[in-house]
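Shared chain: chain A. Partners: chain B in the first complex, chain C in the second.
The block that comes next holds the complex of A and B.
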């Protein structure tokens, strides 16, 4: 065994929604692979296929071709029983943009974090309680909050509860779909720091999906660019930002608000827009 | 109420004159070029008897851009609403003064506000679709503004609406004119709203989180458009965002608001490169440590390839 086995391996993935004339290709021929310990960002605009990719990793997308292997299992083709077992194992966990929607409003946050361990059923009560407290400490939540309900916490605290719940089973893969988009600056920094710390202390693999190149730059070492349902670029984050290759990536980098760029970039952006439009025209011509 | 004194012709280069109301009261240190002056503006919620905004001061000259940065609850939107005279019920300006186009807003009657909104100060917000009627073509909605408020004939209003759509770089403006809200993308709708906001040739445009819901490339298009409008029309812009980097793109001066207090205020370059307050430092650090800036030098050039 020289090469480590990928944690996530997607090959030639096609996903389409709708039928007949309403049929729309959401992902075409997506191929990517995440090795243990990698943190990979996925960027693209709305409709580019980001959410579809996330759903495919969860085994929830109507896959028409290709495969999605999570820790060796093809999640696109699990039976109901296999899917339940896979979910219980806690090998892959998820954090979404809005923790209010992923946390049960009638469950205390302690119960919410304990639940994945209870479902897995390997630990006794005392061990679970200890694991929950340890996880709370890891995400910098005060123990006094354990008995609160999600609605009694701030948005930033809730998102840290969601992260604690995701991490309590020590997953190999953590899928983060816009995890900091709804947070204010202080909480955004806190979550990003937490992910940084997590990477330094474990070999967890992160798939970080966002529309914001800035937060992807903050935590990933590789970035995948989605455009019109296709992966148009996949490379080291530093390279993608400093030397983007695809016309869309060039425009995206040129469009990202930074503290350094200014009004002088307007002309550059106008040129990048024209280049992307030209590239898309020639692609359309080639297709016909 | 009569329509403001706008006639046919080039609305964009014509200065707006608000005719009605008492004479303008001079403001102490106001510069004649200032179109908007806020002096220690305080906003109070009468229901809970609490002050929500604790003193905001700013001066905005013709063609200048001021940025307000703050998170939800910081008071940035309340401040904008106060300038537009559209504060929610039981929330009122309880102290300080707002001088709009040389006149003290405290003296404005309802009719004065109606006249000044649109013709003196225009605004665009986060969710453009919610400001448009879904069952009427967008062009017709702009045409009605130009007809009713601008006093143009139906034919001239139509022609002007198409010109305005063209001015905000909507491709094929005649076609967009006939389209409905559901047929347009978020970026196109925001351009329609900007066209409406500038249609009566206001001196001031307020953009409150106007690019927040848009994709990054579209956000940049809208910011570029706003920058172009300030240069081309001499429009004064109040750009409000939760994101310091968005504001940094085109503002001369930045106000950092938190919990109704002005944390820090000054020229953009000074705020970015020499922030004095912890909160401002956090906003800057967020970008420098966890943003694109990690890979960029201060000039915006890549540090390595």
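The block that comes next holds the complex of A and C.
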């Protein structure tokens, strides 16, 4: 049996912002491949390049080298028209971190969820309304909320509306950029359960970005660790969390607070930081 | 939004006043009891049964001049506002979407228009196109357009960088779709406020131009012209400027009230306002029941 074709293939991806002395490398040499049905977590501190990676997948980041293929199409080199067509196909969708900012305050949530289908323009009004209602049911939102505006919903309901908007086009790849970091723990669990259910019922591929190890562990089966724009570790989530290989991952795991022990001892973290600094020094020496 | 707008008393009053002004604009010259250009020996007469608002320095009936001056004043004002609205708002919104070349060129053009001295430009335009009110209004409209450009651009920039616009772009939305669905509703309230201000300014501008003999030649009546001429006879008839001033004031006030009402009725604030009013009305009903 032949190997299934990856949904997402990233090869030697470099992304840089600005020019001249102000130029900043956000990603360098990122290589990654996601198979259908896989759920991959991306973890790293702020500024590590997590969101840039997701934006590059959607063709929104200035790619300077390498390629990003979504279902075989190089999204970094699409013309304006091709990008619109690609968007209308609904193959890849994005869920933003803050649902309040990602939903138009002057649009009812029904209109927000219907919008991708209306842009696509293949269905009539009744079919779109039916699809929206079905999607509302899928994300466990009551139909009575359809005519509400985002400001009239709770944070958790808003994020489920945002997920419904992303899922209404039946995407094959769903990018979630810190989808639960703005939510309380009860709503966080609901969203994570929703994603679990989605995975169980469809062969959707998830790229789940977070700085929270707990959320990553709850949803994904593979985890990528980003540090300073480079992928420093890529492996099964359980292994990355329990037996991290890279010093940065060890520091990340060691710094994660838990209910029972709080953050790792200050001494342990100091040792991990020293270990990371040594690794970076040897890396820099190897490069020169 | 119109339904929400009509629930506001201020909007109803403003629209009522503007309706009266519109009637005067259309039927003013017919309603005028005397010939607005025909002088008489009865100069600077006080209000009487024969001349409700008195007469001016050449004995012309003030009420007739105000009524006959309405079409020129209001139509010219609307011309200024309309020209500025179209020439400013559309490029203002598009400057965010049509790429850096259009953005750069339109911004430099607007900077140039802002730098032009107002009266010199108006005189030059009337010299170039002929001394007519429409030519003068095109000149004024062109000079006011940067105001609309900047307001529209600023409002669009805020929306264009929002995540919901990004979400729509990711879904394959065209620029037209984004403008219709997400931008227009948010740009409209500041534009409406600017429009009302411009309509008010337009009335005052006409008076300045009449005073200088640009576009409108005496004795053609305009509200601003009547006000300007009355100001010369303050020692003889101190209250004379009150009549043209009141009609200008009421018209400008109505435009401003309408602009405020549009701002209140638009978007989220409108929904909150209507919600609060409905709740208050329900409470009042419960108390009386």
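We adopt the following convention: the second predicted complex is superposed on the first by the 277 of 288 C-alpha atoms of A that agree within 3 Å, B and C clash if a C-alpha of one lies under 4 Å from a C-alpha of the other, contacts with A are read in each partner's own complex, and residues count from 1 in each chain.
Quick note on the criterion: a residue touches a chain if its C-beta (ideal position, glycine included) is under 8 Å from a C-beta of that chain, and two chains touch if they have at least 3 such contacts.
Note that this is a predicted model, so its numbers are computed, not measured.
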Check chain A with both chain B and chain C modelled on it and let me know: fit or clash.
fit
In the superposed arrangement, does chain B or chain C reach more residues of chain A?
B
Which of the two partners, first being chain B and second being chain C, lies in contact with A:93: first, second, both, or neither?
second
With both complexes superposed on chain A, which partner does A:179 reach: first (chain B), second (chain C), both or neither?
neither
Determine, under the contact definition given at the top, whether A:171 touches first (chain B), second (chain C), both, or neither.
neither
Mind working out whether A:49 is in touch with chain B, chain C, both or neither, as first, second, both or neither?
neither
Under the stated touch criterion, which partner chain does A:102 make contact with: chain B (first), chain C (second), both, or neither?
second
For A:156 in the superposed arrangement: first (chain B), second (chain C), both or neither?
neither
After superposition on the shared chain, which partner residues are touched by A:229: those of chain B (first), chain C (second), both, or neither?
neither
Is A:212 contacted by the first partner chain B, the second partner chain C, both or neither?
first
Once both complexes sit on top of each other, what is the least C-alpha distance from chain B to chain C, rounded to whole angstrom?
16
Just which bits of chain A does chain B share with chain C as contact spots?
none
What does chain B use to touch chain A in their complex?
71-72, 215-221, 223-224, 227-228, 242-246, 248-250, 272, 282-300, 302-305
How about chain A: which of its residues touch chain B in the complex?
45-46, 184-186, 188-189, 192, 211-215, 217-219, 237-239, 241-243, 251-263, 265-266, 269-270, 273
Where on chain A does chain C make contact in their complex?
58, 60, 83-90, 93-94, 96, 98, 101-107, 112, 115-116, 119-120, 149, 151, 165, 169
Residue set of chain C touching chain A in the complex reads 162-164, 166-174, 177, 181-182, 185-186, 267-268, 271
